[in-house]
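In what follows, chain A forms one complex with chain B and a second complex with chain C.
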Partner chain A sequence: MTIRATEHAPAPVAPTTVSVPAGRQSNGFARLITIQKQIPVVQLVLLVVVFLVGVVTLPGFGSPVSIASILILSALAGLASVGQTLVVIIGGFDLSVAGFIVAGALMVTQFAQVTGLSFFTALLLLIPVFLVLGGLTGYICHRFNVHPIIISLAMGSIALGLVRVVSGTAIVGSPPAFLRALTSPIGGTFGIPIPPIVAIWIVVAIAMALFLHRTVAGRKLYATGANPRAAGYSLVRTRWFWVGAFAFSGLCSGLVGVALVAFAGSVDSSLGDPYLFVSLAAVIVGGTVFGGPGDYTRTIVGALVLTTITTVLVGYGLVKADQQIMYGAIILLAMAIYGRDKKLKDRV
Partner chain B sequence: MSTLAPVIPESPVGRPSDGQVVLELRSIRKAFGPTIAVKDATFQLRAGEVHAIVGENGSGKSTLVKILSGIHMPDSGEIVVSGDVRSSFSRPGAALKAGIATVFQEVLVVETQTVVENLWLGSDGFFGASKSTRAKRTEGAAALAELLENPPEMDVLIEDLSLSDRQACGIARAILRRPKVLILDEATSALDFDTRSRLFTVVRRLSSEGVGVILITHRMDEIEDIADRLTVLRSGETIATLPGDNWTTPQLVQLMTGAEALVEPEEQAVVAATATGPVVLEARGIRLTPSAEPFTFSLRAGEVVGLAGLEGQGQDTFLRALWGFGTSAGEVLRTTGGGEVQITSNASASRSGIAYVPRERRAESIFEWMSIQENFSLPTSRQDRRGLFLSNKASAARFTNYISRLNIKLGKPSDGITTLSGGNQQKVIVARWLASNPEVLLLNDPTRGIDINAKRDLYALLRTLAAEGLAVVMLSTEVDEHIELMDRVLVFHDDNCSREFSKRELTREGLVSSFFGSEKEVA
Partner chain C sequence: MTQHVRVPNRSWRGKQLGRKVAAIATVPLLLALAACSASGAASPSVTAAAGQCGDVPIVAPNDPSNLVSSLPASLQAGFNGYANPLMASAWSTFAGKKTPLKVGFVAIPPTGQSNLDFNNAVQAGFDKAKTAGLVTGDLITEMPADFNTMTPADQVTEYNDLVSQGVDLIILHPLSGEAMIPSVDAAGAAGIPTIAGNTIVDSKYSVTVASNWFNEAAYPLAAAAKILDGKGNTVIVQGAEGSSTNTTLVNATQSVLAMCPGLKLIGKVSGNYSNSGAQTALTTFMASHPESIDLAVSLGIMGSGTYAAFEQAGRPYPLVADINASAASLAYWNNAAKATGYKGAATSNTSTQEGTAVWDVAMRTMAGEGPKLNVVVPNMSVISPDNLNQFLVPGADTSSTLDALPSADWASPTVIDPYFNNPTQ
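Let's look at the complex of A and B:
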């Protein structure tokens, strides 16, 4: 029956535990996955292969101007994803990018014209406004524990609306002439033969690397994404990292909008649309996972891969719809590699 | 400790407990990763009996109930329901279909739906309803009327009811399914006194109709009141089954705790020195809930104080209050030579040299994808600043001290924290907080689920630190830990600090029976 002698039953009171061997035995494939999680090998190989295919099969693809164009497009995509990278690292994502880009572009063109402000005054005004609007997204998401999908989309729409209210409904505008030099493929920076926007990108990349890996704030940012509760117990003020990351993302989008005015030569309401997707795709294809691990260097690789593939495909005569299918497929692939972690399971 | 004769024959004649077996568990085992929650559970429930299952925290009661209600699947063993042998219930619906209805301690109702909707929750199919609305209302009202003196209207939203009434709805929901086996898993803890006695009347009626009832409770008076038989669980094993009218509290306590010590007696002697340092932390007029009794607690440098009690009796709230989470009333003061600082937030606690090791290692402490060293250094990373930027070397140098001091077994500090065993992870977390040079260290059940060697290392460390003047408050769910490690132990019951033991008053039996609020019988 169910009766059992207890007299000498040696049993500790707590559930018995057995220590787990440190580390799992890894076969070759597992080791590859481990390396892949530290360095985006697949993406780098893909980049080189696609580039070589372009050079061999498309006439003029390897010319300096063509390479400069790819770099400029990559820089725009990469700069649009600086803030997005931080937002993804803390475990959110920012869909206000498109709205903020158009709003930023309008700020320095039509808004400046209507209000009679100079380009630089408008630019100076843009910085605090976009920081506040972006920061508000982060604040609302964290304070009320709502997913940033809706809030950021709404905030992008509000930003665009605000600028339009002031500058009128018709969207037209053209950039000041000197701005065009920023994104000219034949231009140089202080005598160095690199387009200015690419030079800016390099500086930003170095700053991001230092910030993320060599400052207390960078560490705490990662901690906020890795485990918000544990970060809270470690006295990290996670709310301010949400505010900060989204504010920075808002500012980046606004400034990319300014650069895009120069690149595109005119402003229209669909200016930001491709960048909404590209900014997120660059981050994810680079291998940054929601809540980390992740890095801006990965986003750089992601931006280069996406831009190069797109350029080659355009060279082959693919239309926009084809590109969209390809983008979606690449993101699915990237998520299959990085997203299958236990983290995702925890989050759902 | 072999004075007890544990094998007590079941009474061949009893109360209505002679019915046939409706539910039987045979050698059930269930492990969660390295932790074995249920090791070997064998148990029989007869039709028409009320069968209590008792055991300490972590003895496997909840896991067993979850296996019976189809939430967990056992690793091995058999479940026999009405003669039907099976290895598991694949989902909660399967258990319900087999006639097993469970009411859990947590009040599980849908707040935004009405009483009648909650009573019949999940009974309808995708298209057709199980009963007419009218039948649902009358049957529901009858079931509730039996449990509550003033039953609510059927159309009232559940969120407008008191907690006790909500739980009554949860119980009525289970009863309305006409189960063959009714499991009450601490379901009475949310009920008020009147509803509880009404529930017991209902339980007696059900058992007279042949329903088998499994009662999980921490309250000895409930067992005394209503149980026909009781089964003791310890460390995931069913230790003994006793008739409901032939047991004493001390006997039960001994069955629940066993008698095996974790640390050899000679090692215990080392702790004997009692702390006489200055008061470093004081909690004045603390109330854990608005209705609880206020009490005062002062902590001296160099002492190790244990917080004990059954799960959720207020010890957790109290420990967190000491780290500035706040309570209903009272204040927490950090006293130093220079004066007093009131602790009003986590930040102020931390600034005043109070460190807190949270309870859930994985959810509240670990940054899973980050390295061991990053996990260690995060809250104190300011110390690693050299000029503008962090120095990896400085951080590594700091960590090296703790690796040897806490005997942390690791590959490289740059390896992921998840490459470590639970015990070593916990050591890293303790090191994380020691690195902030605290004068008061609060630990929330730090040895839960870690292996015995890591536990010993941790005990040794805490003793050394206390000898150096650190004040330690540690919540523990393990009785042995209190016996071996603590200079004194505060016992919590019903959100009150119900009892304090000094080192020499501490015995396993005395401590455990104080958990149940019945210390007089033993101590």
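Let's look at the complex of A and C:
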């Protein structure tokens, strides 16, 4: 028997926690686990501890410019993780991030220059193109039941290739001068001393929280990740959510490419490479697991934890290899906390 | 539908939490281990050479057969500290081949302006030679589609494919010189010379046109040390950690710093030869290093990212010792010089010059001029406040993607001729 899903069906409630029998709640450990599942307490404590260690042991670490620099780097990592968070919640992951970032950066620089488009026209053109390319990833994965690892990697390459067909084979380009202020630690937003990219991050964070927790679509997204079959029986069109999540991820990656070219001042082929790993690491470290539960607020915490730890480690003179060890260790730690949990779909 | 909700029992949960606590407890341990690793890595590997702060350290080249002595005295200084083993060329008595020649080119995808310029210069040389009847057909170019996913193994495959196509000569832009050695040796034994650019291939069957990276770092850094009177905090912006070129550049930097006890090395970051990478790494570094930074050593094409990081952070520019300066990084220098009297130090070589010199050496080798060594080291272009204007690209600003202007005598016939037994040009 086939059940046809409609958008008018009552939305399932996102199951973000598993209730613990009342008799067991007196157990302190159990309570800690329950709280940890609702709020990333360990990560927040780690963030505060590492920050305080930095403030106490590294002179000037707590200065406004240093904090602004950390927030800008966190914002870039966090914004690169927006789409990835949604994709992870539905049970996938997106390896097209790096390709879409470079393609987005090229689109508003070299592509615009070659085609004679203004920056804003190229930016407007970027939106539908990247939505379609990203959405195609989700469609193919869902329609043919293919794992996103290959499809998303290929789509990132295709996106970059398509832009390069027009912009030329060389990956070069520089942003308009006004865009550089977007990521300046000493810049402000409407007179408030907050770097514009950080202000954008705050707005995105609020929008994501509202979408995930206060809309029917957000709850259906959780249901899609928790148990696609059950979601289908609940008349949720899971394919649309796969298409939508990957489309949104593609768009976000492209826009992060624009922010990164503003930050770096030029495009190069390795512009997006660090953000492929960081986008996934921020989601996992924040505590969002494949198929849910989780949300973007956790990803924000993950991005802040990773950036702050990296900054403190650099302050202690640790080289890149040491930082890579720490990144790996932190992800292992996150998986030790969350990876052993049964997935929601096994509990429904 | 039956719903199964599993609630773990108390002892299982206690065990699980115990594991989590243990995992959390490993973080300080890992931090300590990583710190130990870092303290070891920070110790300089180069001992202080004789001389004063601001001098270029004199280090004997890796020349077991004393080949450098066969070159004019004016060129011998160019081999100071040369790290790769120098070899007598297998083509020193090569009579050349009958023209027109079939030529292959193993290229790197043009991900940036540099690779694009190099490839275009080789193609331009080929086109000119074709007009003169020296080469035939098209330049058979083997190049992966994507730089980010290409590997040295791809280049080995492409190189061997050119050999199987029966080319007379191979132009090589190596991703890794080490990986190409067996293939270059095999092709050389079969009578096919390889002329490489930028990255050295340690084979007697290849002739590589590349800068001496020791001098490229040592000369501008020594000049910077003089400007700073040998005092100040220093940060090194590395390229790709572990690559032979980066190792040579870092060793040269540390050998200069070793003669300047007042120049304190406060850290090293890695920019991976990308301005965005350099800027990100420096921004992170500055967030935990609010102290004054007086000298930033940019080890290869990351000068504009280095300047931009300080500009964006609202901090004054340090003196940037800018190895392989670009039009953008020199624009930063020039703007600051006009505004504040800022002084910098840099070297420059352009990819167009490299590609052109590679083609020149290739045609000379195939004409039987007889290269003496397995390398040709061009004349280094040191940029100082006095000659900055000669290298500024007119109209280029800090976002330019162009190379600096080339120096006229970087690889002129006067420089190249002495590297051949029978120069005829």
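Everything that follows uses one rule, which is that the second predicted complex is superposed on the first by the 316 of 348 C-alpha atoms of A that agree within 3 Å, B and C clash if a C-alpha of one lies under 4 Å from a C-alpha of the other, contacts with A are read in each partner's own complex, and residues count from 1 in each chain.
In the analysis below, contacts are C-beta pairs under 8 Å (C-beta built on N, C-alpha and C of every residue); 3 or more make two chains touch, one makes a residue touch a chain.
Just so we're clear, the structure is a prediction, and the values are computed from it rather than from any experiment.
J.: Between chain B and chain C, whom does A:Val314 touch in the aligned arrangement: first, second, both, or neither?
T.: After superposition on chain A, A:Val314 lies in contact with chain C alone.
J.: Touch test for A:Val216: chain B only (first), chain C only (second), both, or neither?
T.: first
J.: Mind working out whether A:Asn145 is in touch with chain B, chain C, both or neither, as first, second, both or neither?
T.: A:Asn145 contacts neither chain B nor chain C.
J.: Looking at A:Pro293, would you say it contacts chain B, chain C, both, or neither? Reply first, second, both or neither.
T.: In the superposition, A:Pro293 contacts chain B only.
J.: Is chain A touched at more residues by chain B or by chain C?
T.: Between chain B and chain C, C touches the greater number of residues in chain A.
J.: Which partner does A:Ala177 contact after superposing on A: first (chain B), second (chain C), both, neither?
T.: second
J.: Do chain B and chain C land on any of the same chain A residues, and which?
T.: Shared contact residues on chain A: 18, 20-21, 230, 233, 342.
J.: For the complex, which residues does chain B have touching chain A?
T.: Going through chain B, the ones touching chain A are 2, 4, 6-10, 33-37, 39, 42-44, 56, 58-60, 231, 234-241, 255, 257-258, 260, 262, 346-347, 350, 356, 358, 363-370, 374, 377-379, 381-382, 385, 388-390, 409-411, 415, 419-424, 432, 447-454, 477-480.
J.: Which part of chain A faces chain C closely enough to touch in the complex?
T.: Against chain C, the touching part of chain A is residues 18, 20-21, 24, 27, 29-30, 32-33, 42, 46, 54, 58-61, 63, 65-67, 69-70, 72-73, 98, 157, 160-161, 169-175, 177, 180, 183-186, 230, 233, 260, 263-266, 268-271, 273-274, 307, 310-323, 325-326, 329-330, 332-333, 336-337, 340, 342, 346-348.
J.: Once bound in the complex, which stretches of chain A touch chain B?
T.: 1-23, 210, 213-216, 219-220, 222-223, 226-227, 229-231, 233-236, 289, 292-293, 341-343
J.: Can you name the residues of chain C that touch chain A in the complex?
T.: Contact set of chain C toward chain A: 1, 3-7, 10, 13-14, 16-17, 19-20, 23-24, 26-27, 30-31, 33-35, 37-39, 41-42, 109-113, 115-116, 145-149, 241, 267-270, 272, 274-277, 279-280, 283-291, 304-305, 308, 312-315, 328, 398-401.
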